[in-house]
Structures are given as structure tokens and as C-alpha cells.
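Structure first, commentary second.
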Amino acid sequence: MKLIEAIIKPFKLDEVKDALNAIGIEGITVSEVKGFGRQKGHTELYRGAEYVVDFIPKIKMEIAVSDDLVAKVVETIQNSAKTGRIGDGKIFIISLEEAIRIRTGENGTDAI
Amino acid sequence: MKLIEAIIKPFKLDEVKDALNAIGIEGITVSEVKGFGRQKGHTELYRGAEYVVDFIPKIKMEIAVSDDLVAKVVETIQNSAKTGRIGDGKIFIISLEEAIRIRTGENGTDAI
Amino acid sequence: MKLIEAIIKPFKLDEVKDALNAIGIEGITVSEVKGFGRQKGHTELYRGAEYVVDFIPKIKMEIAVSDDLVAKVVETIQNSAKTGRIGDGKIFIISLEEAIRIRTGENGTDAI
Amino acid sequence: MKLKLYLASIMLVILAGLIPIAAMAEETKEAAPAATAVTTPAATPAAPAAGAAKPADAAAPAAAAPATPPDVKPVLNTGDTAWMLVSSALVLLMIPGLALFYGGMVRQKNVLSTFMHSFVAMGIVGVQWAVIGYSLSFGPDMGHMGLIGDFSKFMLNGLIIMKDAASGTVEWALFQNYTKEPGAIPELVFAMYQAMFAIITVALISGAMAERVKFSTYCVFVLLWTTLVYDPLAHWVWMTDGWLFKKGALDFAGGTVVHLSSGISALAFLIFLGKRHGFPNERMAPHNLPLTLLGVGLLWFGWFGFNAGSAIVGVNTSDAAGGLAGLAFATTTIAPAAAGLSWMIAEWIHSGKPSALGFGSGVVAGLVVITPAAGFVQPGAALLMGIMAGLVCYGGILLKAKLKYDDSLDAFGVHGIGGTFGAIMTGVFATVGATGLLAGNFKQLMIQLIAVVAAGAYAFIVTLIIAFILDKTMGLRVDKEDEIMGLDQTQHSESGYNM
Amino acid sequence: MKLKLYLASIMLVILAGLIPIAAMAEETKEAAPAATAVTTPAATPAAPAAGAAKPADAAAPAAAAPATPPDVKPVLNTGDTAWMLVSSALVLLMIPGLALFYGGMVRQKNVLSTFMHSFVAMGIVGVQWAVIGYSLSFGPDMGHMGLIGDFSKFMLNGLIIMKDAASGTVEWALFQNYTKEPGAIPELVFAMYQAMFAIITVALISGAMAERVKFSTYCVFVLLWTTLVYDPLAHWVWMTDGWLFKKGALDFAGGTVVHLSSGISALAFLIFLGKRHGFPNERMAPHNLPLTLLGVGLLWFGWFGFNAGSAIVGVNTSDAAGGLAGLAFATTTIAPAAAGLSWMIAEWIHSGKPSALGFGSGVVAGLVVITPAAGFVQPGAALLMGIMAGLVCYGGILLKAKLKYDDSLDAFGVHGIGGTFGAIMTGVFATVGATGLLAGNFKQLMIQLIAVVAAGAYAFIVTLIIAFILDKTMGLRVDKEDEIMGLDQTQHSESGYNM
Amino acid sequence: MKLKLYLASIMLVILAGLIPIAAMAEETKEAAPAATAVTTPAATPAAPAAGAAKPADAAAPAAAAPATPPDVKPVLNTGDTAWMLVSSALVLLMIPGLALFYGGMVRQKNVLSTFMHSFVAMGIVGVQWAVIGYSLSFGPDMGHMGLIGDFSKFMLNGLIIMKDAASGTVEWALFQNYTKEPGAIPELVFAMYQAMFAIITVALISGAMAERVKFSTYCVFVLLWTTLVYDPLAHWVWMTDGWLFKKGALDFAGGTVVHLSSGISALAFLIFLGKRHGFPNERMAPHNLPLTLLGVGLLWFGWFGFNAGSAIVGVNTSDAAGGLAGLAFATTTIAPAAAGLSWMIAEWIHSGKPSALGFGSGVVAGLVVITPAAGFVQPGAALLMGIMAGLVCYGGILLKAKLKYDDSLDAFGVHGIGGTFGAIMTGVFATVGATGLLAGNFKQLMIQLIAVVAAGAYAFIVTLIIAFILDKTMGLRVDKEDEIMGLDQTQHSESGYNM
């Protein structure tokens, strides 16, 4: 199993989620993060004080999948999250040793 | 060492934390996440506009533990986070290569 | 490649970020988390009701780096995040199997 | 357990208190003819000629008018009317103020539900008052027992006198506060001013129910409580033919009718409602204290209408906007200022830090305590009452922790205890337009005690009955699961914030 | 598509309506000499002598004064003045109230932008009104056509009468609402009271534009719309020599001038503006409903100034702070209370849950509907109108979902529909100072319909033209990218919250 | 460094300014007999007979009464009283308004602490004023030097005149603003109106201290500053026997006494307080701008009481609620509207975007600048002053960035600079009830400059001393660690939000 972590643009969340649902992925965990990268932030002005807001709001998705689904998931995310403009984000793949469903105690790919 | 990641129901946080403390786990990092899964969200109504809120607020716990503690921690989380109803959440286990305590520079299991 | 996860004190964020930039790290993903550890929380009082706030606000940084940079990054974080007082935080290192840049489809170290 | 015992003893005291009251009430009924004399200015110890002033059209005085006709024909005073229009609006603003005050103190998942407790009261009581409430409270006495008004002012009937239906020409019934001088305001304005009091009183009770009460049940409760508890109490205390008014009970702006009655009713309701899930162990910290503090600000601002507006019924005063209003304004500035400080300092000493919520709560406590006394005491007394208010109500909320009942937002701790304390202290400190204990009038203190016990007992018992019936029929609480999810989502299908 | 069709039919109806109006207008012009008789109290069906009262200095009545001179020399009434000062301040407070009401309903990224729509209107119209707006609206009629005022009150000229420049001694022009009795207020106060109406009206429209309009364009729109739409309409309806005033159209506090005109203009603007990106599929839930509810509270509070303050122009009444104000105050309490309930219950039945936003929206709907009728109907009628208000406006917002136009915050659904409904119902329920259908006066209903169609058509067409020109020149919308990022960041370089 | 130099030069200028002032003061003392003539209407250039009006009971004029007795016996005017009651309440509301305005601008961790700076001032000054402040400010002159009142009105003594202690019958001392006409209000109302001014003035200073000052020290500061700086200044400028009043300094509603004094004191305090940790590099963006904008709304609303209420002391005017109030109301509408726009446009040009905070700040700047002039200038002048206000204060806040001192919320940049500018401009634009430079009266401008320098110097020096002593004894700041954690947690054991 793998844990796929994708950093995407917030307004793409619905699209990515729907695309993943469409290929049969039902479980996703999402959190709000701040990204620093090549995409540059903006400037805010408060009574003459200028602050550079150098982080960009991003969404982090975590998806645990069985090994055979990895390629398809990655491809789906890539297609649906892409705008072609800087800041589209990253996908990271980590090896997942074990997964357990709390409710039933099932483990392995049954749990996800 | 392993990094144990548990997605649980928010109102279970205190219970799980106390149970982990009881078995000697002192360090935990917690964040607020949104879960998509089998548990379905609810509907909100604003002046005739109906929005399906399809995510469910969840809590993500991250706990770095030495290998020998993994089983016990997993069991403890399972017992304390379980309500038996859909949406109780998952536990993911990832291999942790190294851990360092910033304050002292200690590493390995000493750091956690 | 490795995924480096650092839990630090919030007011150190700017310093750590600048230090990482200085050694050429450009991409970072940051989130707000709550930490439970040795550092103790504080007490809040509302009309006679006393609540112990046992979590401490922390910042979690995630940085994907190529293997050769790991040592330098860890050292940089350690130096810039350290105050020497309890609660300075941890650095966790996880093996990263793959990284993909959504915009271009590049992968591996090219993507980060 | 503790709570049950505590409540049992409260009820015992109350019932014991009822006996002399009943006796006195008897006696009063017999003394009824003499009571008319009470309305002559020299001897009147308290508030004024609510119904008496109704016959604006001197040519057609209502035959059923309970009190003496005015000595001089009332004439509209625009200054007084302006002040009463403003005061009415100010008291209305207290209701969103209360929504903020309470809403900021609950957990995020219940903020809208808590707001709605105040807002829906504006809807329900706003309608009820126009239809029947004003008539029950300030209509001519039904059956000459001093207990409740009749139905003659149904739908604010008679406040507009149609002169010529074809052209729409009308005349306005006037409300004259002092029969020796002509200054008057339209009775419609008086009716609206009183409407706002009725609304806020029941909304105050909701503080005890927050975070668990079922919305539909709450709505029914609001209607029943206002009709069965508030309207009679207002009649007793503020109407010239109400039995407590005739007894000479002092309640300048509603210490007994508003605060004591709502506070004690909160306690009665709690017996059937029970604690919130997780209380007192779970962290239930206020989710948005800036809202609460803004609420304190709006409440204080609005309270000037509440208290200084009540000069409209001041004895020997023909002006709503005159010296008596000035005095009430001054005491309504000084007492909450002092109470904010005394609560803050008590907390500072007692638990180590002066909290913002503590200061704000102290301000509200000071406002509550000075309410019955606002136009009867001098600035120095207001300062003392304010200082005591902060201390007494700080003690009041600590009681909760001791007795482990769950008055979520301290409706009883602040309004019940503060209202009672204020009503009694009015009998001690009164020197303006009436005299209290310190001015050598021991009888006044006794009368105040009677009023407190009578009003408290009545409110407590009737609320118990209402709560009992609602509990058995509709149910008072939401399901545990719904309570955990939050009332906003489960009762209203909304979230307070989407940030 | 559907919207286009719908709008086309609206315009057809309007244009059809215009023909008789034009005819009638003609007829009126001919009847002009007779129209002076309209200002004698017995026959005057509606509001009063705005301009007529201007000549405070009886020695020098302006030759151009359009109406009859006063019968008695006006004398300052401090009570009336106090109430009008307060009313003006109350109406000003409605603007931050509106900012909160609207601001809480948008998404977080647009909160400041939405606030600014209301706030910047205070800036732009605040200045415009002093410079030229008051003169255009309430100055003596330009060319005796009843369409617009002249420039004689430029920069509030003539409201302060310099007596002795060396010492700074002055006299104040007085505004006398009823020429048979002397009670008067300074005309400056009247001018400021009206200023607040002008500000809030244009700000109401912004509800339809939220979350996508370009700020610079919006600023220009505010200036143009107020000058070209609002000022003439105010002159038509509220000025003694306005053609609708002369016709006898009833609009107590602005149902036609304020709500109908802003609501219909919102619709016209939408044709060129289009939908928000993502509407209606994307979740666009209100980001901060406690702010919205606080806004409702402040609006209601301020509305007492709006409606009860409008007694200043009541017929046969010399007092701004008198019975008529009391009546308007009462109806402004009862109707929103009833409308809050009826909307809430309709929602409860129709979609399963009573929402807090629903109750709040109902309150606003009730306030809108009662506005034109506030001083013309009795409490019972206010109750009925309130109940209908909630139902009609609830229907109004459902229309949006049906027709798929994107009136973000329901400026049309609530103000357009509510304002129209209220204006018509005034012709049905009026019994005080005027008579409507139920009192047997069918003609009044016709007059109301004419006023509605005329004002609606004028506002719709002129707004269409303004929107068209702005669209072609400055552009109405921000870029799609900027819209997604949010207007706060892209238009104002700020974030609402940094929490 | 830069700041030190800058401040040193300010002090030099001030000290230099003191010499002629001292001289003039001397001269004035000698001219004292002539000064009585100043109170005759024809020659009085400015505000009115605060203390002079005190003897309500004509039978017993206080022997020590400093000014001429009234020409006619005062009679209560309910309209004026209504307006002053409302104005007092409105000014009180400005304090929560200020709490919101300031509280929204700080970082989240300090929101409650910042709220408390305003709220606790209500507590401390609310009590101080009743006990001693009113007497020091508006009591009869102590020692005939025009510097401070005596203790005769301790605890608001004498404002209620006991007629018959046994029955509680009283009479009310009246405050008559114009001795030639009888219109009067209860002095208690005047005392409360002035109380609100005292409260808000010290709260304004807190803007400079936000996010680092120690709460206990702040509380002591509030008490000391109000007693040692505010009370004397109010006596100098507003009391008939104050030396600046006698000189003819114009300050309609508090430009000098309130804004200049608080702004300059903020600067003095900053010298000892120092910068916030992390300033100016760390991002210190406002955490909740909707709260700040709501604060602007409440401030504007309340300011109508502040400015138009100050007509109570208008020369040659017997009515608090009359033409002069109308004028002040109008200028208080126009100037902030214009200033909001001019600040916004300046920012738009200068830094590329028109911010909401900028517009709001401009509104406050306009309100500050028009305050001393509100009833002395015509609408056109108000428009000009408003435009300049936005530009000058925008410049004022840019100064901070230049000089690198840390006036967290621009108490000096807005109130200090705006207050000074407004006081001077009053001497330029005055044409109503007084004449300024443009009306050919150069002397008035000189008097204004003297008043500015004298009040500024006094406030600056005394505040420096207070700050120095507090610094050496209690300490002004919290620990660095506590500052980083936030004052809410470390000073008050609370969190503003738990969301």
C-alpha cells in the first residue's frame, strides 16, 4: 500500500475529489496548508505598513491506496488538478506499512 | 521507529489522548482535517440554496513510536476511538527513518 | 528522496523558512497543528470554570528533499528553530518513494 | 443531587413565604378602597398611572377604567415622546445585544442556535404582545383582583381612536404618567416600550438552556411563559391596580418583573432539562469573546433606554425626559462601572487574573442590580450597589461550580441572584421619590421581600409546570448525538461560520 | 436564458404601464392649478410640505416657492428636533448594519469588498447629497414638471441664514411639516435625515453585485445612480410638487423610492453583470452568520428611525415625535416580528428546518414591506402584512433558484419584491390619514399601481443604461482569476481575517 | 534614534510656545474683571456657561459661583433633555465602538487585551468621574486661577436637591446653556454626558500601547491620566472660568481636550514604552477587519452624540436640540464622508489599492478633524476640512513608518495630528457663532494656536511624568515571552476565539 499525498490549489478540490470518486476512490483525508514554492505570494497593505504574504493557501490530500491503484490515482490527480500555471502543486508517494479500520479492526487493503 | 497516523472523530480526541498517556505515550501532534469516506455529510440550507457538505470534520493524530510500542499504541487507539459506527476512522503506519529532538539534538528513539 | 517533517514553535516559522531558503530549499508546505508533549499548556478561566488547555500551538513543516540534502536541511532546521527551551519540537525523516510535479509531470528530484 | 436538595430548600422557603403573602393579599383586597388613595401623589411610593392615563379623549373616559381619572387633561409632550421612542428602540437593541452576549459564550457549533433563542423571541413575543400580551399586562384589571388585565386592548385596540373612517382621520390615546400635570406620550409608544421588556425577559432565560434545548420546544415555551408568567407579573407590579403595585413594591425598571423572574425560571427549567453532555469535565470555553464583549456594550447602551426610559412611570414627575431620567441614567452609568471593577478585582484576587469576560459579566451584574433601584437611589448608593453587585454575582456563578447544576450562561447566577439582590437593596437604599431602610423606612424593605418572594414563587412554580408538561409532550432536549454534532446543524441546518 | 425571457416580459409590462402613466402625467400637468388645493389638509392624502416649509424667515418667502406658504409661522420644537436628530443617526447606523448583513453572507475572501460597498456609499453619497443631491431631490421644482429639483440648494445653501457675518450670528431655516401648526425642525436636520435614505438605497443594490463587481466601476455607479435615479424619484414621490406626490401616491417611508427602486435596479444591473464563477454549483455558503444576524439587529434598530422618523412628513400632524411616530414604531415592531416567523415557518415546512438566516431574512422582508405603509395602517393590518411579507419574499428568493439568475444576496428577491408588494398593500390596508381598498377607496390602489410601475420602469431603464455604458467603458466585473482569488485581495490588497 | 530627536524638537517647540502662553495667561488674570463681559452673548466667541448655569434653585445661588447668574430662571426643556440623554448614550456606545475598532486591528492573541483597554476605562473613569472627576472639571474654580475645579461636587453632590428627606421628594439642579433664555436640562444629564467624554479620551490613548502594555499598569495610568491631565484640560477649555475658555479658544466638541490631548499623550507614553517585539519586520496584520469596520460604524453613529450633542453649550442658543445641533450633525456627516474618500483616493494613488481599512481610517480622521469645528463651520467648509483630514492623517500614519516609532494603532497619527489640525482649522473656517481667519478674524487663529500648544504641552509633559514614574515602579511592559504568547493569555488567562 502507498500513502499518496497531493498538494493542490484550493479551488481544484471539488474537481479532484470528483475525479477520484469516479475511479472508485472513496476515502480521502484533506487539510488546509500553506505552501511556499516558486509561486509568489501577494502584498497586503494596512495603513501604510506593507506585508508580503509569501505563503499561498493550498490543500493537502492524503489517500491510502493499494499498490495497483497508485498509477491511476496519480494520473487522475495530475489531470484534474492541473491548470498549467505555476503553483499547481506536487504529489508525494510514501510506502504505507499497514492500515487499520478502527470500526472493524480490518487491516491491509481491506481497511482502505 | 514508526509514525502512526490516526484519523478519528473529533469528540473522541480527549479519550484517545488520555488512553495513550495511560500507556506512557507522551508526545502527540494533532491537526484538524476533513474526511471523505463512507460516512456521509449533511445538507445545509441558505435562503433556498441547498449545499451538501460532503466532508466530515476529523482529527488527525501523528505519533512517532519505537517499533516495540506499535502494537500497543494501535490497540489503544482502536479501543478508545471506537464507537462502532461508520466513520470511526483509520490508523496508518509508516516507517520512520529518523527522529531528532531539536532542543537537544538527540536522535532515534531517544528523541521521541 | 526523503520527506522531512518538522514540528516547531510558531514564532520561529519565519526564521526557519529564511534559513532554509538560504541553503537553497525553495519548496515547503506548512500547517498549523496542536502539540502534546513535555511542554505543558496553560489554564484558562471563564466565569469560574477552569479549563486546562493542554495542547500547544505548533507549526508542522513538510519538506521533500533529495537524499544528499537531508543532513544539511536537518541541521539548518535544528539551528534556526532552537531556543533551548522545552517544546522546541522534533524532526521526523520518512523515505519518499516518488515525487511528481503536477504542472509538468516531472518526477523524482526534478519535481521538488 | 446537591442541586435537587438546594432546590427543594428554595421551594420550601418560597412556600413558607407564600403564606404571609397570601394573607397580605387578602388584607390588601379588603383595603382596596383605601388603595385608591395611594395614587394621590403625596403618598404614592412608586410607579404610576399606567392604565389610568388611557382615556386620552376626555369626552369618553372608559367606564371600566380602574383608577382615578387624571386631574388635568393630558397634552402630548414631544420631548417626552422622543425620549420614549428612543428608549423603546434602545431596549429592542438589547435583544441582539443579548444574542451576542450569549452567542459568543457558547461553543462554535451552537452559535446560531443561541442567537435564535433571542431572535425568535422577538418574533413570538413581538406578535403575542400586540395581540394579547399588552392587554393582559396593562389592560384594565380583570375581576378586580389585581392579578391580570382583561382583553379590552386585544390587538392594541383603543390606542388609535378613529375620528372619521372615510378620510382616515384619527386621534391617539395618550399615556399620562402624572395626573397632576398634562405631559403625556401616545399610549402606543408606551405599549411598544413595554413590548421590548416582554421580549427580552424570556430571552434571558434561554441562557440556562443553551447548547441542548430543542428549538421547537423552546418556541412553545416562549409563548407560554410570556403569557402565563410575564404578563401577570407585569400586571402585579407595574399596573396601578396590580396587587404588588398597590402594596407599594418598588421596581423602577424591572428588577423583579424582568431579572428575578427570568433568573428563577431558568433554575426551574433546569430541573427538567439537566446538564449538557460532557459538563463539567469537557472544555466548553466561549468560542468568540469579542462578540460577547460587543454584546455587553450593546446591552449597556440599550439599558439606558431600559432604566432611564422607565422614568416615564416615575412618581410626581410629569416628564419622561427630565431629572428622574437623568438620575436613572447616572445610576445606570455608575453601578455597572463599579460592578465591572469589583467583579474583575474579585476574580483577580480569587483566581489570579482579571478576565475580560469577568469585567463584562460584572457590568451586566451591575446593570441587573441597579435596575429596580435606578430612579430611587442617589449616585453614592449606586456606587455601593454596583460594588456589591459584582461581588454577589461573582459568588452567584461560583455556586454553579459548587452545586454542579448546569446553568450554561448563568441566567440564574446573574439575573436571578442579581435581580433578587437589587430588589431587596432598593428597599434599603431608596431615598428619591421613596424611602428605604437607610432612610428609616423599614416597612419598604418588608414590602420588597414580599414582592421578591411572591414573584419568585409564582415564576418558579408556573415555570416548573410548563417545563414538566413540555418535557412529557414535546421533550425538552435534543438527542445526545445531535447535541454532540451541535444545534446549528441539527436544529437549523446551518453552520455559523464557513471560514 | 430563462432570466432573459423573464426580464423581457417584465419590461413589456413596464412599458405597457408607461402609456397610461404618461397619459396621466399629462393630465396632471394640466390639472396643475388645481393641485395647489391638494396641499390643504382636508384633502391631502399623503406626505407633506417638504419644500413648502422652507421659508423659515417669513419676511422673505422665496418667490420660486412651489407650494402654498405656511398658515402659521413655524417655531422650533425641540422634542421633534430631538427625535429627528436621533432618527437620522439611526438611519446612518443602518448602513454598517447592511454591511454586516451582506458581509456575513458572502464568502470569506469577499467580506471586506462587501463591507466597502456599503461604506463607500456613505462617502460618495454623503458628499453628493450635500453638494447637489438634496437640491435635486428637495429643491424647488425645476421647470414645474414635477420631475426634479433645481440647483438653488447647492451645497445646502440657504439652510443657514447669515444674519451678521462679522459676529457669526445666524438663523436656521426651519422645516414645518404641517402648515396649520407651528411645530418645526431645522431644515438642516431634515436634509441630513434624507441624506441617510439616499445612502442606504444605493447600498442595497450592491447585494446583487457582491463577489464579482469591480470596485472602481461600483464607485462610479454609486454616483451616477444616486444622481440619475434616486434624486428624481425622491422628488417625484416626496416633494409637494413632485408628480407622484401630487397624484396622491402613498409612500410613508420609502417602499417605492428606496426598496422597489433599489431592488428593480439590482435586476437591471444583473443583466450585464452575469453570474458569479461557479454559481450555482459551487458551495457559496455564508461565511459568518453571526455578523449577518447582528446586521439584522442593527437594521431593525435603525429602521425605527427610518419609519417612525418619517412621521415628520405625516399629514395633519404637527409633531414628528407624536402619535403618528408611535403608530409607525408599532407597525415597525409587529410586521418584522410576524414576517420573521412566517418566513421561518414556511422554510420549516418547505425544506425541513427553521434556519437562523431564514428568520433574519424574514425580519428584513417584514421591515421592507411595512415601510411604505408604516404610518397608514393599524396594528392588525401590520400583522397581516408582516405574515404575507415573509411568505412573499420567501417565494421571491426561491424564484432565483428557478430562474438561475445570480442575485447574490437577494437585493431583488427581498427589496424589489418586498418593496413592490408593500407599496401595493399600502393601497389596500391604509386606514390612518388615508384610505385604501379595504376602506372602500379603490382609486388609491390604482394610484399605488401607477407609482409602482412608473418608479419601477424609470429605475429599471435608467439603471440598464448606466450599466450598459459602464460595461462598455470601465467594465463591470473583475477578471475570473481575481474573482477566484477574492475581491478583498485583488481589489483592496487586504484580508478580512488573519486568524 | 530618529524618534528621540523628533520628540526633542517637539518639546522644544512646545516649551518655546509656553513662554508667550504663560505671558498671556498672566495678562488674562489681570483682565479677569473684563472677562465677565465675555459671557454676555454679543461678544462671547465660544462655548457656554457650564458652571454658570448651575444654580437651578434661584433662591440659593452658590456664593462661589464664578460667573454671572442667569438672566432668566431656567425651565426644563424635555426636547433638549431627550436629545442630551440620547447623546450621552451615543457617546457611551463609542467606547465599545473603539474597542472593536482597535480590537480588530491587533493580532488575534491580543484581541481581548485590546478590548479591555477600552472597557476597563468605562469602569475606572465611570467611577472616578462620579466621585471626583466631574467636580474637578466642572466644579467652581479652585483659587480663581482657571486651572481646576474644586471638590464641591464630590460624588455628584448638589445635582439632586433634597426637598423632603422623609418622603424622598427632590428637585433637580438644572444646567442652562444660554442665560438669556430659560431652556435647560438637568445638570445630572450634563454630568453624565461629560462622563462619556472623559472615558473615551483616555481609551483613545490605549491605541499606542496595544499588544505590549501591562494591564495592571494600564489601569493605574487610566486613573492618573484622567485625574491629572483630562480633568484640568476640560476645566481650562469648557468651563466658563477656565483660562482658555476666557481667552476665547474654540473647541466645539473636544478637538483639543479629547483628540489632541490623547494623541500627544500617546506619543509621550511611547517614549518609555518602546516598540513591540518584532516591529516593524514581523507581519502584524489586523486579525479581524470586519470588527474594525463595525467599530467605525459605531463610532460614526456615536459621534453624532459627541458633536451634535455639544450644541448644549452653544453660544446664543437656548436649544440643545435645535439648529446648532443640526449644523453639527451635518458637518459630522459631511466631513467624515469626504475624509473617507480622500484617504482612500490618496492610498489608491500612493500605494495602488483603495483599502477598506483606509476608508475606515479616513472616516475616523474626518470625525476627529471636524470635532472642534462641528458647530462653527458651514457645510462647504466641512467638506474642505474633511478632504484635508483624510490627506493629513494619511500623512500622519506614514510618518510612523518613517520615524520608526511604534504607535501600534495610530493614536498619535490620527488623533494627535487630526486633533491639532482640526483645532487650528477651526480658527480658519469658523463663520457660525464665531469667526475665523477666512472671516477676517486673525486673532482667533492665534488663540487656537495658543490653546493647541498649551494643551499639547501640558498633556505631553504630565504624561511623560506619569509614564516615567510607572515605568520605574510597576513597569510598563509585559515580559518578552508573555508578549510573544499574547496578552490575552498572559494578562487575562483567556483566548479571544476558540473556533
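Letters are used for the chains, namely A, B, C, D, E and F, taken in the order the chains are written, and counting of residues starts over at 1 for each.
One rule holds in what follows: a contact is a pair of C-beta atoms (placed from the backbone, for glycine too) under 8 Å apart; a residue touches a chain by one contact, two chains touch by 3 or more.
Quick caveat, the model's predicted, so the values are computed rather than measured.
Trainee: To reach subunit D from subunit C by way of touching chains, what is the minimum number of steps?
Mentor: Each step joins two touching chains, and the minimum needed here is 1.
Trainee: In terms of C-beta pairs in contact, which of C-F and D-E ranks higher?
Mentor: Answer by contact count: D-E.
Trainee: How many angstrom lie between the centres of subunit A and subunit B, each centre taken as the mean Cα position?
Mentor: Each chain reduced to its C-alpha mean, subunit A and subunit B end up 18 Å apart.
Trainee: Which whole number of Å gives the spacing of the CA centres of subunit B and subunit E?
Mentor: 55
Trainee: Give, as an integer number of Å, the spacing between the C-alpha centres of subunit E and subunit A.
Mentor: So the centre of subunit A lies 49 Å away from the centre of subunit E.
Trainee: For subunit C, what residues touch not just one other chain but two or more?
Mentor: Touching at least two other chains: 31, 44-46, 53, 94-95.
Trainee: By residue number and range, which residues of subunit D touch two or more other chains?
Mentor: Within subunit D, residues 77-80, 82-83, 86, 285-286, 288, 294, 351-353, 355, 357, 493-495, 497, 499 contact more than one other chain.
Trainee: Taking the touch definition from the header, please name the shape of the chain graph: line, ring, star, complete or other.
Mentor: other
Trainee: I'd like to see which chains touch which, written out pair by pair.
Mentor: Pairs flagged as touching, ordered by label: A-B, A-C, A-E, A-F, B-C, B-D, B-E, C-D, C-F, D-E, D-F, E-F.
Trainee: Per the contact definition, I'd like the list of subunit A residues that touch subunit E in the complex.
Mentor: Per the touch definition, subunit A meets subunit E at residues 11, 14, 42-46, 53.
Trainee: What residues of subunit F sit close enough to touch subunit E in their complex?
Mentor: Of all residues in subunit F, those touching subunit E are 42, 77-80, 82-83, 86, 90, 107-108, 183, 285-290, 293-294, 296-298, 300-301, 304-305, 308, 316, 319-327, 329-330, 333-334, 336-338, 340-341, 344, 351-357, 359-360, 362-363, 376, 378-380, 383, 430-435, 439, 497, 499.
Trainee: Okay, in this complex, where on subunit B does subunit C touch?
Mentor: 3, 17, 26-31, 64, 94-103, 105, 111-112
Trainee: Show which residues of subunit F lie in contact with subunit C when the two form their complex.
Mentor: Residues in contact with subunit C: 282, 484, 489, 493-495.
Trainee: So in the complex, which bits of subunit A are touching subunit F?
Mentor: 44-51, 53
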